[in-house]
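In what follows, structures are represented as C-alpha cells.
In what follows, chain A forms one complex with chain B and a second complex with chain C.
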Partner chain A sequence: MDLNTVTGYRRARTRADLALGPGERILGGGTWLYSEPQLDTTGLVDLTTMGWAPLTRTDEGLSIAATCTIAELLAHPDRPPLAVECANALLASSTIWTVATVGGNVCRAFAAAGMVALCAALDGVALVWAPSGGGRHDYRIPVAELATGNGTTSLAPGEVLRALEIPARVLAARTAFRKIALAELGRSGAVLTGRVDPGGEAVFVITAATASPTVLRYPALPGAAALRADVDAAVGYYTDPLGSADWRRQVSGVLLEEIRQELA
Partner chain B sequence: MRIELTVNGVAREADDVWEGESLLYALRERLGLPGSKNACEQGECGSCTVYLDGAPVCACLVAAGQAQGREVTTVEGLAGDGLDPVQQAFVEKGAVQCGFCTPGFLMSTKDLLDRDPAPSDPEIREALAGNLCRCTGYEKILDAVRTAAANR
Partner chain C sequence: MTSTETRMAGRLGDSPLRPDGTLKVTGEFAYSSDLWHDDMVWGVTLRSPHPSARIRAIDLTDALRVPGVSAILTAKDVPGENAVGLEHLDTPALADGVVRYQGEPVALVAADHPETARRAAARIVVDYEVLPAVTDPRTALDPDTPWVHADHDNLVRDLRIRRGDPSPTAPVVVSLDFEVGMQDQAFLGPESGLAVPDGEGGVDLYVATQWLHVDQGQVCRVLGLPPEQVRLTLAGVGGAFGGREDLSMHVHACLLALHTGKPVKMSYARDESFFGHVHRHPAWLRYEFGARETGELVYAKADILFDGGAYASSTPAVVGNGGTLGLGPYRIPNVHVDARGVYTNNPTCGAMRGFGCVQAAFAHEALMDELADRIGMDRVEIRALNGMVEGDLTITGQVVDSAAPVAELIRTVRDLPLPAEPAGERDIRELPGGASNTTHGEGVRRGIGYAVTYKNVGFSEGFDDYSTARVRLEVVGGEPVATVHTAAAEVGQGLITIEQQICRTELGVEQVVVHPKDTTVGSGGSTSASRQTYVTGGAVKAACEAVRASVLRRASEALGRAELRLDGEKIVAAGGEVVASLAEVLTDPVEETVEWRHRPTYPIDPETGQGNAHVQYAFSAHRAVVDVDVELGLVKVVALDTAQDVGRALNPDAVVGQIQGGSAQGMGLALMEEIVVQDGIVKNPSFTDYLIPTILDMPPMQVKVLEYADPHAPYGVRGVGEPPTISSGPAVAAAIRAATGKPLRRVPVRPEHITF
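Take a look at the complex of A and B:
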C-alpha cells in the first residue's frame, strides 16, 4: 500500500547515508513495511542500493548480506543447508521471495520468521552496524538472541543489520527439518530443526512455536526422554489464532523426536 | 521525485512520484497502466502482480523508488500481435468472472509456464497460491492453466 506518512526517500550508497534522522526507517525489500500503514515513519532509507554482494563464502563460513533477497539465497550455489526448507516455512509466495530480504525478515523477527529459523538452526551470527558517533561500536550477536520475541529484537534505534554469518563448521552438519501449520500452505505454527555437527554435537531449535527461538544443545545426540523433557520445559509457547500454546508444545515434542530419530 | 524505468519494453519516466508511493500506484496513476489491480494492497491477493527485472512481485509492496532504473512488465505487456497463449486459454475456458484477479493470475501463470512448461496440478496450485479469486472457485482457472500449457 502507499505509505501516506512518508515524505522522504533516500538511496543509501555509503555507510554515512545510513545515519537515520527522526522518523526515518531502513527499507529492505519493503514487503512488510508496505503491507500495513507505518504511521510513525516519515522517511525511508533504501538499503538495497548499498551494492552488497548477496552471499560470500570465506574460510570462516558464509556471509549473507542483509540485503540478499530470499530468492537470491535460494538460487545461490553456496546456499546453506536448510535454506529451502526455512524459506518454504514462510507463508509468503514467490512474489514475496523475489524482493523480501533475509535481513528484513530477521529484523522484523516474527516468531514465524523463516530466516530467523535458518540462522538459529545454523548458529548464525548477526553483524550489526552501530550508528556512528555516540560511542557505540559495531558488534556481533547470535541471531537466536537478537530475536527477543514475536516481532521484537535487541536492535537499538539506528542500528543496521549488515550481514548474517554462518560458521563453516556447521556447513557440513547433518540436518533435518519439520514444520506444521493448520492449513497446508498456512502460516507455520511450529518450525523445528535439528543438526548434528561432524564432531557429534547436536543442536535442536524451535521457532514459530515459541515467541523467540529456543535452542537446545547437547554434546551428543540425546535420548528421546531427555529431549522431550527439555522441549516440555522450554518457555515462550504462545497462543494465537494459528494454534494454542499447548498444541505448539505437543507438536514440537513429536516433531523434534522425528528429527532426533532421523539424525540418529 | 522522478523515477525512470523501462515498462513493457519502453523507457518511461514518472514525475511527482511521492516518496511513500508504491510501484502499483505509479503504474496505474502516473504511467496510465491500470491493468494491475489494487485489491488488498498488502501482498495477500496477487492482483497487482507484475514482473520486476523478469521476476514476479506484488507491485503494491514495492516502493516506487525501488523501480528506478529497472524493467517492469505489466499485464498490458503480455499480448504481442495477438493474445498471449495464457490470455487465450483464460478466454477459452471462461476462467474470468468479475475479472479483478485475472491480471495477476495471467502474470503468475505465464511465469510458471516459462519456468515449467508442463506443471503438475499440485505445482500449479503452489505457483498460484499467492493469487486469490473470489468468484470462479478456481476450477476454470486450473483448466485454463492446463490448456495454456498444452497450447504453448
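Take a look at the complex of A and C:
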C-alpha cells in the first residue's frame, strides 16, 4: 500500500538516530506498517540499518535482536524451542517471514502474535531503550507483561525495543505446543504452550485466547484438576467474530491438558 | 461432392476451453479494478459510521483545501432523482439528511491519487445527530418500534400461502425454531469501474456488474440523462453471486466524471466492499410439520422472517422465494406459510445465490430429520417417500410439469461410496484443525447428513423475464465467422463459452466471436436466478435460428435450390449434396436480433398464495460426512457428495464447476461464513475475520449429474448454479448434528455451539 503521507525516511545508524520527530515512526520489516493506511505518519525511521546481529548466544542465554527476521530466527542453529511452532502459528507466507521481524510482531502485540507466544512461553524478557534525555533509563520487562492487550503494549512514546532475551535455563526445557483456529489456516483462536525446565518447574502459557499472555507457573507438573482450575479462573478471554470467550476458555483447558500429559 | 456429418469441437455437450480461462489462471485477465485511463482521477466514498443518524450539516472546507482534490459531491449535487433500487426506489444515491445503515454513502471525493482522495474524505466534517437504531428484526413490526423510513412502516413484504385444511391435525408433529446468519457473497474482485465523460454531457461507464440495463436505468435516473447518454460496458467481473445486482460505485463514478470532466476510477478496498454491496438475509424461521405414523406429510406450517436491512433491494423477491419454495421439494396437502421481510438499520440485504431458499432449507431439512427420527424411519427414505414427482402440485398449486426426481437424487447420493471409516492412528492433516496440530483425534466423532432441495429458475411471479441476442454471420479472411452479442453478464460462470457453443451448434461455424457485453444491444436480464443459460441461451439459439433461416433463404434464391440445410460450413441439399460453401453464400453479412422470453409466470394470489409463480424448478441432493472434535468444536468435512438434475449438460465441465462452487458456498454458510453485526455495526469487514472455505476446507466431491431434459426449456436445460448452494449447507449441518447429538438450530454452527 502506498503511504503517500510519508515525506521523510531516515536510516538509523546510531542510537541518537532513533529519536523520533513529529509524525515519525519506527520501521522494522514493514509487513504491518505497509499493509494499512497510516494517515498520521509523515516519516519513517528504519531500524533495520542499525546493524544488530540477529541472534547472539551467551552464557546467560539467547539475545534476539528486535530486527531479527522470523526467517533468520528459524534458520539459526541456536533457535530456541517452540520457534517453528510459534512461527507457523503466525500464518504467514515464507515471503513475509523473510522481512517480518520478531520485534515488530512483539510490538504489534496482537493477541494472536506468534512471537509474543514464543517469548512468553520461554520467559522472554524485552530490553527496552529509553529515549535519550529526559532522565529515563533503559529497562527490562517480561514480554508477558509488555503485551498488555490485543494490540497494546506498555511501551511509552519514544521507547524502542532493542532485543528479546531468552534465559539459558529454558533452552534445555521440554516443551509442547497446541494451536486452534476456526479455519485450518485461520487466525489463532488459542495458542497454548507448556514447558518443563530441567529443574522441574512447569510453565503453561495461554496466548491468542486471552487478550494478553496468561502465564501459569508451578513448582512441578501440576495435576489435571489444578491446571484446569487455573485455566478456568484465568481472566482476559475475549470474544471476537472468530470465537467466543467461553469457547476460548474451553479449548484452552482441553489443549493444555493434552500438553500436560505430553510433558508428563 | 457429398456431405458427411460434420462434428467440430466446442459444440453443445462438449467442454471446450473457456475463452477467459487461460487469462484468469495466468493472472493476465483484466478485471474491472485493472481499468485505466491516462488522465483519470480517483474517486472515493465517505460513508456513515452510524447505523441511524440525522445529518445536520456537512462541512467541506478543510477537505477542499487538500492539494490534488478536484471535486467533492454530496446529495445536493445530484442532478436527477436521488433514488435507486431494484424493486423499490427507496435508496438514495447519496444520503440526504439521514443515514439508515453503517456504511451508507454520504459524500464523494475525486482527486489525483486514491490516497489523496481518502485523506480529503477524512477531512469532511459531517455533523450527525445519532438516532435510535432498529437492529432487531423480530421487533421491527412492533407498534412502538421507530420506522426506518419516515413515509412507511417497517414491513417490506408480507407473503402468505394457505392451502388445504386450515386446521389440520396429524398423529406425529415436530416443530423447531431456526436461525440463519448473514452471509456475504465474498466475491474476490471488489467493486470497481471507470466512468469516462464523452464531452457532450454523456458518460461511458465500464463496470463489473450483473445486469447492465437495470444499472443503466438507475444511473440515468440519478444523472437526469436519457439512456442514449449513459452507455455501460461490462468490465472484467471477479465473481458476483448476487452482490452486484444492486448499484455500488456506478452512479458515484458517473457523478464525479460529469462534474470534473475527467475519467474517474473507483475501486473499493476489501473492507469497503463489505459495505458496498448487499448480503444474504439473516432469517428467523419457525416450522411445524405434521405427518402420519407411516411418514407421509400431512401438513406444514412455517413463519419466516427475513431482515432486509435499511433498503428494500431484492427483499420482496427473496420473501417470494422463501415463501413459495420454503417447505422444500415435498408433497404437502395442507400448508400455512407466512413469510415477511422487514426494514431495520442493519446492513441492506438482497440477492445472493439461492435467494431465500437457502435459509428455508436449513429449517425444513432439519425438521425432516427430526420427523424421521420420531417415527423411526430412515432419513433418506422419508425424503424419498414425500419427494415431489412430475405432475405433483407445489404448495402454490402449480403443477410440476417436468422431471422432479427427488427420490432418485437422494437415493443416488446415499448409494455413493462412503469415505473409509477412521481407524488406528490418523494423519493429523485429516483431522479437524489439520496441520495446526490441534487434535490427535481424541474427541473426534463422525456424522453423516442428507438434504434435498428445489429452486426456481429465472424470474418469477409475473416478471417479464427475457433476453436479447444479436448474431451476425459474415466472412472474415475467407472464413465464416459468427459474432454473438448479448448484454448478459459473464461473471465467471461460463456464459460466454455457452454462447459460443450454441452458435457453433446452430450455425456450424467454428469461429465465434463474443462481442463485449454492453448496452448497445437489448437487455440480457440479470445474471442471477440460475437463468442465463436458459434465457440468454434461448435468445442466442433463437437468433442463430433466424440467421440460419436468412442464410438458407439467400442460398435458395442464389442457387435456385429448395430444402437446403447448413452442415458445418457448407450448404447441403436434401440429398446430402454440398451445393456451396457457407462463405460463398455470405457475400454480405447476415445479422438478426431476437428478444426471447420463457413461458410466462403469474403473480400469486395475495390471500392464498396460490398461482403459477415459477417457470422451472431445479432439484439437488447432498450427503455430507463430517468429523467433529466435540471437545474443541472444530469440524472437518470429510466428504460432500451430490446428485443434481441439470436437464441437459450443455457444458459438462462447467456444470460440475458450478456444482462444486455452489456446494462450497453452502458449506461455508453452515460452518464459518457470517457477517457479525452488533447494534447495526459490522464487526468483521475483512477476509481475516470473515472466513470463507479454502481448498483446505473443501473435501473431495462425488458429483452425479442427472439429465432429465425439461421439454419446455431450450435444449432441455435446467438452471444449475443455485441448487448446490441450498442443499449442501443443510447436509453439513445435519452431519454435525449426527456427530454431536446436539440440536444445532443456528448456522453457521460455531465451535461454541458444539462444545457447550
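Please note the rule applied: the second predicted complex is superposed on the first by the 264 of 264 C-alpha atoms of A that agree within 3 Å, B and C clash if a C-alpha of one lies under 4 Å from a C-alpha of the other, contacts with A are read in each partner's own complex, and residues count from 1 in each chain.
Convention: a residue touches a chain if its C-beta (ideal position, glycine included) is under 8 Å from a C-beta of that chain, and two chains touch if they have at least 3 such contacts.
All values reported here derive from a predicted model rather than from experimental measurement.
With both structures placed on the common chain, the touch criterion links A:P22 to neither chain B nor chain C. In the superposed pair of complexes, A:G43 makes contact with chain B only, with no contact to chain C. Applying the stated contact rule after C-alpha superposition, one finds that A:G135 touches neither chain B nor chain C. Contacts of A:Q250 after superposition: chain C is touched, whereas chain B is not reached. In the superposition on chain A, contact of A:L185 is made with both chain B and chain C. When the two complexes are overlaid on their common chain A, residue A:T98 makes contact with chain B while staying clear of chain C. Contacts of A:T5 after superposition on the shared chain: both chain B and chain C are touched.
When the two complexes are overlaid on their common chain A, residue A:P241 makes contact with chain C while staying clear of chain B. Look at A:E258: by the touch rule set out above, it reaches chain C but stays clear of chain B.
Common to the chain B-facing and chain C-facing surfaces of chain A are residues 2-5, 185. By the touch criterion stated above, chain C contacts chain A in their complex at residues 113, 115-116, 118-119, 122, 433-438, 440, 442-443, 631-634, 672, 674, 676, 683-684, 688-691, 693-694, 696-697, 750-752, 755-756. Contacts from chain B toward chain A in the complex involve residues 1, 18-22, 25, 41-43, 46, 49, 52, 55-58, 60-63, 65-66, 68, 108, 126-127, 129-130. The residues of chain A lying in touch with chain C in their complex are 2-5, 37, 39, 85, 88-89, 177-187, 189, 240-244, 246-247, 250-251, 254-255, 258. Contact residues of chain A toward chain B in the complex are 1-9, 11, 27, 29-31, 34-36, 43-44, 46, 48, 71, 92-96, 98-99, 185.
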